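Look at the two complexes coming up: chain A is in both, with chain B in one and chain C in the other.
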Partner chain A sequence: MIPELIIALSVGAALFGVGLYGALSQTNLVMIIMGVELILAAALVNLVAFWRYLYPDVPAAQMFVLIVMAVMAVEMAVGFGIAIARFRSRGSVEMEEARELKG
Partner chain B sequence: MTMLVLTLLGPLLAALAMFTLRRMPEVLALTGAVFGFAGALGLFVAVSDGVVVSISLPFLPDFPIRLVASPLTATLSMVVATVAAMVLIYAAGYMRKDPERVRFFGTMLLFVTAMQALVLSGDWITLLAAWEMMGFASYLLIGFWYGRAGVASAAMRAFLYTRSADLGLYIGVFILIGMSGTSEIAVTLISTGTPTLVAGVLLLVAAMGKSAQVPLQDWLMRAMAGPTPVSALLHSATLVAAGAILLIRTAPMLPDGVLLVVGIVGGITAVITGLIALAERDLKRLLAASTGSQYGLMLVAIGAGAPIAALLHLIAHAAIKSSLFLGAGVFQHDRDGTGLETLAGAGRARPGIFAGFAIAALALAGIPPLAAFFSKDAIIAAALDSTAAPWLLPLALAGSVLTGAYMGRALNVLWDGDAGPVQVPVPLMTIGMGILVALATGLGLGFGALEHMLGAEIEKPGWIVPAMGLAVGLAGLILGWFVPPARLLGPLLTPAQNGFAVAGGMDGLILRPALAIAANCEAMEQRLLLAQVGTVRRIGLGTAQLAEHADAALFAFSLWVGQLSMRLGLASKFTDTNGIDAAIFGFVQRMIAAGAQARRLQSGFIHRELALTAIGIALIVAGLLAAPYYS
Partner chain C sequence: MTPQMIFLMFFGGAAVWFGIVVFRTLSMVRSALALLFSQTAVGVMFLLMQAEFLGVLQIMMMATEMSVMAIFMVMFMMDPGGMGAMDMTHQKRLSLWAGGIGFVAALAVIWLADWGPANLQIPDATEQTAELGRELLGRSMFIFESAALMILTAMVAATMVAIHPSEGRKR
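The block that comes next holds the complex of A and B.
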């Protein structure tokens, strides 16, 4: 087993844990989005690490990472768009107060 | 024979159709009357050619039902049919506004049928049956307006009086049948001897009841409670006539002693009911009393040995009395009553009707050339020729004077007084009455031919009898017109107004004995049932019990079948409710409950949703990681 890969994966796992904790513990929408971003970042770290240490001759993995980054950007835009709209209409982005999606 | 059937079945079928259809009573009644009239006319024509039409239907062994159209019966049938037809035409106008017309016309037709059966009957059993039917129909008709005060009791009274006298008819008929061994009237008429005397007296009692002879005259006045067409029919040619018809038909059989009693009873009735009529304060009751008086004169003729004279007077009286009643009915409609004070001057408002009434009244008084002039002369002549002339002639003459007097009084009352408002025309009533008045006027001319047909021509009397008849009639009319009855009757006024209640009144003579007889019969029947007929009763009871057992078994079986199917139904209802329905509803209930549970997951809190997502992913990952171990 390659020691660098283990380290990289450990970093990824730490990032994922922090992101998950942030997404679940925070009540502010902006902070939740941040957590989600961290989770995605952890996934990217893992992808890059697998590509770099196991299949360095396959360029398709790099393309996959790039596409995920683009998706992250789009998701960010949508998430913050919702946050701004919420703030404009209610003056707050506290998610404890937002239960309109309740079934 | 067709004609005989038509005469009887025409009115009967019309009555049945009326009670079935419950509509168009007038049309059906007139149709029935016309058919009956056609039948009677056919019989009359056939008989006048010398043919005796008869029909014999099987009935009791040796006692078939016989209907005979001899010259006598065919003539009577013709009279009945004619008067009935005219009265029905009149009644179509008179009863126009009555809601119970179906019942009225139906009963009238039933009555006419019964009378035709009585007239045409050729054996005693048919005659008894018809006699009973007629009594019952007359009860229904007199009590037609049973809701009004006193009507029901008047009908009951009439029924009871005539019924109690009918006992005489029953016993008399049984004696006659027992004596001659046949029920045929023509055969029994030739019998003689003491039993015949007894039977004759008993028949006289029955006739006295039906024809309202003294002392049974009271019910006739009370019978005026019925509608006027009913009175017209009852008094002219039917119910009351039945008694006289019975005596006319049996006259050949009656011994001299009975004939003398008949004549004297008739003569006394003619005088007494004449006095009652003169004292009456009600037009219809006056006419009713006059009916009794006229039938009294007929009995005088029978008693004097001239039944043909009685028959002629019966025919003339049928036309006259029905005209008088129909006229009285018109006035009654105008003035809403028949009291003489109420009717004062009613004749002036209707000159036409009054003229008809006056012609009929003059005819009854015996003014030539009207119908009753001839018949009354025949009666007086018969009384004069009779061996009992010292008894009969004065009574007949007195009866004739009184006839003139009460008719004169009635005319005076109707004419003398305020005319009141002009009245609307009554076409149907006028037609019915007009034809009868015409008959009352012209019938006298046909009497000669009729006598010839009956084969008993009355000797044409000299000048003395017509002169006597005319004199008494005119004298009576003048007295009645000019002298008030109070002065005319003197001390007789009060008893006459009370209807000459002999021997404690009619109630004492008839009602109490009838009730006592009824009570005795009841007691005797009880004893008979208990003692003598015990065996029969026991057999009957045994049969009844057997039948009851079978009935109970059948009942139980059908009850069982019913209960079984009831249980089946209940069971299928149970499975339906608790099986299929419960399954479907339970499923739906669970779905709804599950939905409610699922809804609780959807809290709307984003972080909780996220946590659930994370847990889900973790579970999936765990599953994937464990895959090598379980696959």
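The block that comes next holds the complex of A and C.
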């Protein structure tokens, strides 16, 4: 049992739970993106904890963190691109109103 | 209990608390700021776990990202200040259950799994960064370059999606 690893992983689990709640419960696209960001932050905490307490001599573990950070940036860029397109065509980014793929 | 454990618990608790505030406050700008604080607390956790490069990168990247998010909030939301007390949630009970079950399942795995022996011999910050650089430009170069290409593609795709269709027709 490694107490520091357990603490870090528990924080990751809590961030994942909060992020999942946010991504499922929000109707606004920007708020849904925020939920997904929290889920990815949970993944980051887990990856750094695994590297620090189990494999500190393997630099590939840190590289995974960089890849997840790249995914976070991409997710935000594409999400905001879709938000702008949606706002221009419908004047709103409420996902309750986005029930069809057209326009 | 070591000081590292106490600080990990404090900043971990702060990250989770601000994460909850993101979905509890009515003001969207406050939501973006709460997410910034949550991500900064995660960055401080990285620093506590002696991942200096990743910790600083996380804080810098999230400060920029969340500032952009706050601007988008003000641009797109019907009530960015939360003055109208609009409810912008749906399927709350289902979401609470899903989040709760996800949290409990992850906790069960954390407590029941055998994580093996700890390896606490960590290289110093300079050596860590040098090793990461060698890894990125050596064995993992293909993955690293793929990530770069993915970001470039996403930037082009996001710009193309965001361009107004009539702007294309005018030219």
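One rule holds for everything that comes next: the second predicted complex is superposed on the first by the 100 of 103 C-alpha atoms of A that agree within 3 Å, B and C clash if a C-alpha of one lies under 4 Å from a C-alpha of the other, contacts with A are read in each partner's own complex, and residues count from 1 in each chain.
Quick note on the criterion: a residue touches a chain if its C-beta (ideal position, glycine included) is under 8 Å from a C-beta of that chain, and two chains touch if they have at least 3 such contacts.
What you are looking at is a predicted structure, and each value in this text was computed from that prediction instead of being measured.
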Combined model on chain A where chain B meets chain C, clash or fit: fit
Contacts of A:98 with chain B and chain C, given as first, second, both or neither: first
Broader residue contact with chain A after superposition on the shared chain, chain B or chain C: C
First, second, both or neither for A:27, with chain B first and chain C second: both
First, second, both or neither for A:11, with chain B first and chain C second: second
Contacts of A:43 with chain B and chain C, given as first, second, both or neither: neither
Touched partner set for A:60, first chain B, second chain C, both or neither: second
Contacts of A:2 with chain B and chain C, given as first, second, both or neither: second
Lowest inter-chain C-alpha distance for chain C and chain B in the superposed arrangement, angstrom: 7
Residues of chain A at both interfaces, chain B in one complex, chain C in the other: 20, 24-27, 29, 96
Of chain B, residues touching chain A in the complex: 598-599, 601-607, 610-611, 614
Contacting residues of chain C [partner chain A, same complex]: 2, 4-5, 8-9, 12-13, 15-16, 19-20, 22-23, 28, 31-32, 35, 38-39, 42, 45-46, 49-51, 53-54, 57-58, 61, 65, 68-69, 72-73, 75-78, 88-92, 94-96, 98-100, 102-103, 106-107, 110-111, 115-116, 118-123, 128, 131-132, 134-136, 139-140, 143-144, 147-148, 150-151, 154-155, 157-162, 164
For the chain A and chain C complex, residues of the former touching the latter: 1-22, 24-31, 33-35, 37-38, 41, 44-45, 48-49, 51-57, 59-60, 62-63, 65-67, 69-70, 72-74, 76-78, 80-85, 87-88, 92-94, 96
Chain B partner contacts - residues on chain A that touch it in the complex: 20, 23-27, 29, 32, 95-96, 98-103
